[in-house]
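Here is the structure we will look at, set down as structure tokens.
By written order: A, B, C and D. Residues from 1 in each chain.
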Amino acid sequence: MRQSSRGSCIKVGLVGYGKTGQAVAKIVSESEGVSLQWICRRNSGPVQASLEAIPIFSIYQDRDLAKYLKKASVDCIIDFSAPDALRLYGPIAAAEGISIISANSAHTADEIQFAKSLGEKTQVMCAPNITFGINFLLLAATALHRLAPQVDVAIVEEHFREKTEISGTAKRIASVLGVDEAEIRSLRLGGIIGSHQVVFGFPYQTLRLSHESISREAFGTGAIYAAKLLAQQDVGFYTYDQLLLSYLIEELQRMKGK
Amino acid sequence: MRQSSRGSCIKVGLVGYGKTGQAVAKIVSESEGVSLQWICRRNSGPVQASLEAIPIFSIYQDRDLAKYLKKASVDCIIDFSAPDALRLYGPIAAAEGISIISANSAHTADEIQFAKSLGEKTQVMCAPNITFGINFLLLAATALHRLAPQVDVAIVEEHFREKTEISGTAKRIASVLGVDEAEIRSLRLGGIIGSHQVVFGFPYQTLRLSHESISREAFGTGAIYAAKLLAQQDVGFYTYDQLLLSYLIEELQRMKGK
Amino acid sequence: MRQSSRGSCIKVGLVGYGKTGQAVAKIVSESEGVSLQWICRRNSGPVQASLEAIPIFSIYQDRDLAKYLKKASVDCIIDFSAPDALRLYGPIAAAEGISIISANSAHTADEIQFAKSLGEKTQVMCAPNITFGINFLLLAATALHRLAPQVDVAIVEEHFREKTEISGTAKRIASVLGVDEAEIRSLRLGGIIGSHQVVFGFPYQTLRLSHESISREAFGTGAIYAAKLLAQQDVGFYTYDQLLLSYLIEELQRMKGK
Amino acid sequence: MRQSSRGSCIKVGLVGYGKTGQAVAKIVSESEGVSLQWICRRNSGPVQASLEAIPIFSIYQDRDLAKYLKKASVDCIIDFSAPDALRLYGPIAAAEGISIISANSAHTADEIQFAKSLGEKTQVMCAPNITFGINFLLLAATALHRLAPQVDVAIVEEHFREKTEISGTAKRIASVLGVDEAEIRSLRLGGIIGSHQVVFGFPYQTLRLSHESISREAFGTGAIYAAKLLAQQDVGFYTYDQLLLSYLIEELQRMKGK
């Protein structure tokens, strides 16, 4: 991981406190280089004991919304809520120059457009899957596909029984590799947290890139990594894999130079 | 794969006709863009029926060695024999400007040094494992390790029961990733052709890059791919993964530009 | 493997000499405890050099068919040809008391019925996949499904690009586990010989049983194993997994007794 | 799963409230057919909110120990504490006819002997890994090894970085399969909860049995399954896999009879 500038600590506001939001809150509050300033949630309910000192409010009801959304309060908003929240806090945050990481799994084209418009004033990132591992897998698979375009490719994803829709991450991989969404092989089994595998079938060899999620905390470490990367960028609209791509190219060039 | 210049066909001489050499001969003789001109082998014995028209000779005994090793005869020598053969044919081939692909699995430092000296006169490549898949895996693993150096890494290799030594490919992966050779996990089981897996263990996610060999023919397609890449390079000494790295960086830059 | 009676050697006639038949011929001719007596093939064409001394004929054309199909000639017919061949050689073989292993991958209900009628006179086995590994996997998966019927189950099969239909083995697994055929996940990729995986998803754990074919020779060792098992049975109709089931129960009872 | 007698509910006392004990407490308190009566822990500390109504005491300090260890209080003790606890509560529990499940991962020969002596008065089970999946894997691997003893076998286990010792489960698998402990391949990587794989290498095929733990809650469902099985047994000493073996043989015999 890149070093953030020495001694700095990124002040984070967290939007969304569902299952994933809770895991992210735990990781952000425990990690170095970031500091959790507040949590914004839709509904009321109990909070993890360790976070009881953190202010909590609701974008949907709080009259003093603006006071939380100030540069003085936070440097970066990490959003694991529903996609519509961005319309509520986005303009105020952008005006304040607060960077935004929208980690919702399914943005519409309209929402992406809206996020891009915010990117004229601050750093904005949309990341349907914000784990480092998935984004690396996406880049590696894309690179391999471009180097060997004639090679057969298949995408397999496994998730817990209750997940009805196809994984958004798998769809994104399919889109980048030019695989028809209908060709994604989805398995729904017991309590599997989440796994994605891209298989490349050559005539005499097979290459597999696979990613297994152990727990939702991965989204927390991914969001922190993204926040640190974003802090070093100019104002603009970014995706996680594009940012990672820039660093990947830099590293490969260093490897070549050796 | 890069296009070789239109209409061209690379004339290939094959040194080594053991199990791997035979599979390579089959693939080279059947593939477009390359043409098998002769086979050089240590011992006598039967040849595949489809190759009966190909001249066969021995570097160790043939008085007319020089006549085969001429630019007029071949553009590229692909060598799957023992490492010492390079000393016999190398100087003549280099003087003729014939490119050399030495695909032996275990070169000593001395042999590498000798190969580098030949690289002053022609294009020379040393490749302990010449499959596209393994070299891509090596690059992807190295890149990931550089982007996330603190992440745990393990190397697992599986081969057939009779293979006593640790896989040379696994050793190369270990060396590049800074893993102690003693940490390689080797499994020897039945008739497994060969598999290599690099596992990256993050706190909340796991990433696996794995390669399975289906048959020795993979070395043939890899050697042809290498011969075509090499035909586009300047005189010099190359490794497969370095050459692939250059193309990978080019592709990633195109991806970024999109 | 069970010991066949001391000193005995099963005389085998092989019907079918396509890609699989050739691999089986090689294994049967090289293995102990069996002896390849003749090969019966539909079309003419070259034969492996090592088998040149073996008589070859065609069921479809040979006038002297009956002379080959005699108990004096063979103890067991191993059939990797098309399903219709059984109607030609079956009645003669059954009358002679020659045991029959029909290893075709897709028998119709009619053909199974016909095979059962032959089972009134000799030992007959139908085995859509005759490898030991697949049949063990089938038994283990069935047993697990019966012990834990509420657990989610998925079937994944991978084969080479050119295989258009769903694997017959996967269909059989699905049928036994009560999984809808439409739920089988099929991947078609490069040159993968064949792999089958059954995944059991529990709420907090996942169990995978997987089988990978390395080469068609597996059918040869499986057929020999089957021939030896069958030699110890009474006249009747058998499937490979049923026979294996009997031995499995015996072994488990020995384990329990320990 | 076998049905327990209608309407019955097994009253459970839980010994041990470390990370695993907490996960087990959660599952036992939420599951049908069992009822969590008390928790016994070594140290004080906070308890899950949902368990606040459950009595908590310490075997090491409580003067009224005997009152908890009464048949009137519980039917079964599930123990995920340290092995030495059994010596404290075991004799009292056995005298009361309370069944005991000792799920510690490393019992010494002495402790096993002590547990067997308790098995003269009540039902006692020692289970180094109490998940259904691992015990099924153990049985399936053992059966396969007995049916095909000449086949190569390897054991691979993966766990989180901090786990220094070889997995007790892997050692047990090795012992049953006659594999030298030194041959176990252990990978220590990031946050992997736990995975075990047994690989069988045939000359032309490979069979893999693998188990992945998703979370410690698997120990809870396994313990409940064990408690229900144990409730149907006579007084005696049992291991989880032996009990499962009996049910497996029964199911296989039903399969055969079909």
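Everything that follows uses one rule, which is that a contact is a pair of C-beta atoms (placed from the backbone, for glycine too) under 8 Å apart; a residue touches a chain by one contact, two chains touch by 3 or more.
Only a predicted model underlies this, so the values are computations on that prediction, with no experimental measurement involved.
Residues touching across the subunit C-subunit D interface largely coincide between the two copies, over half of the numbers being common to both. Taking B-C and A-B together, the pair of chains sharing more C-beta contacts is A-B. With centres defined as mean CA coordinates, subunit C is found 50 Å away from subunit A. Put simply, the C-alpha centre of subunit A and that of subunit B have 39 angstrom between them. For subunit C, the set of residues touching two or more other chains reads 190-192, 200, 202-206, 214-215.
The touching residues of subunit D, when paired with subunit A in their complex, are 46, 49, 190-193, 214-215.
On subunit C, the positions that touch subunit A within their shared complex are 151-154, 156, 158, 160-161, 185, 187-192, 199-206. Residues 1, 131-133, 136-137, 139-140, 142-144, 146-148, 150, 200, 202-218, 220-221, 242, 244-249, 251-256 of subunit B are the ones that touch subunit A when the two sit in their complex.
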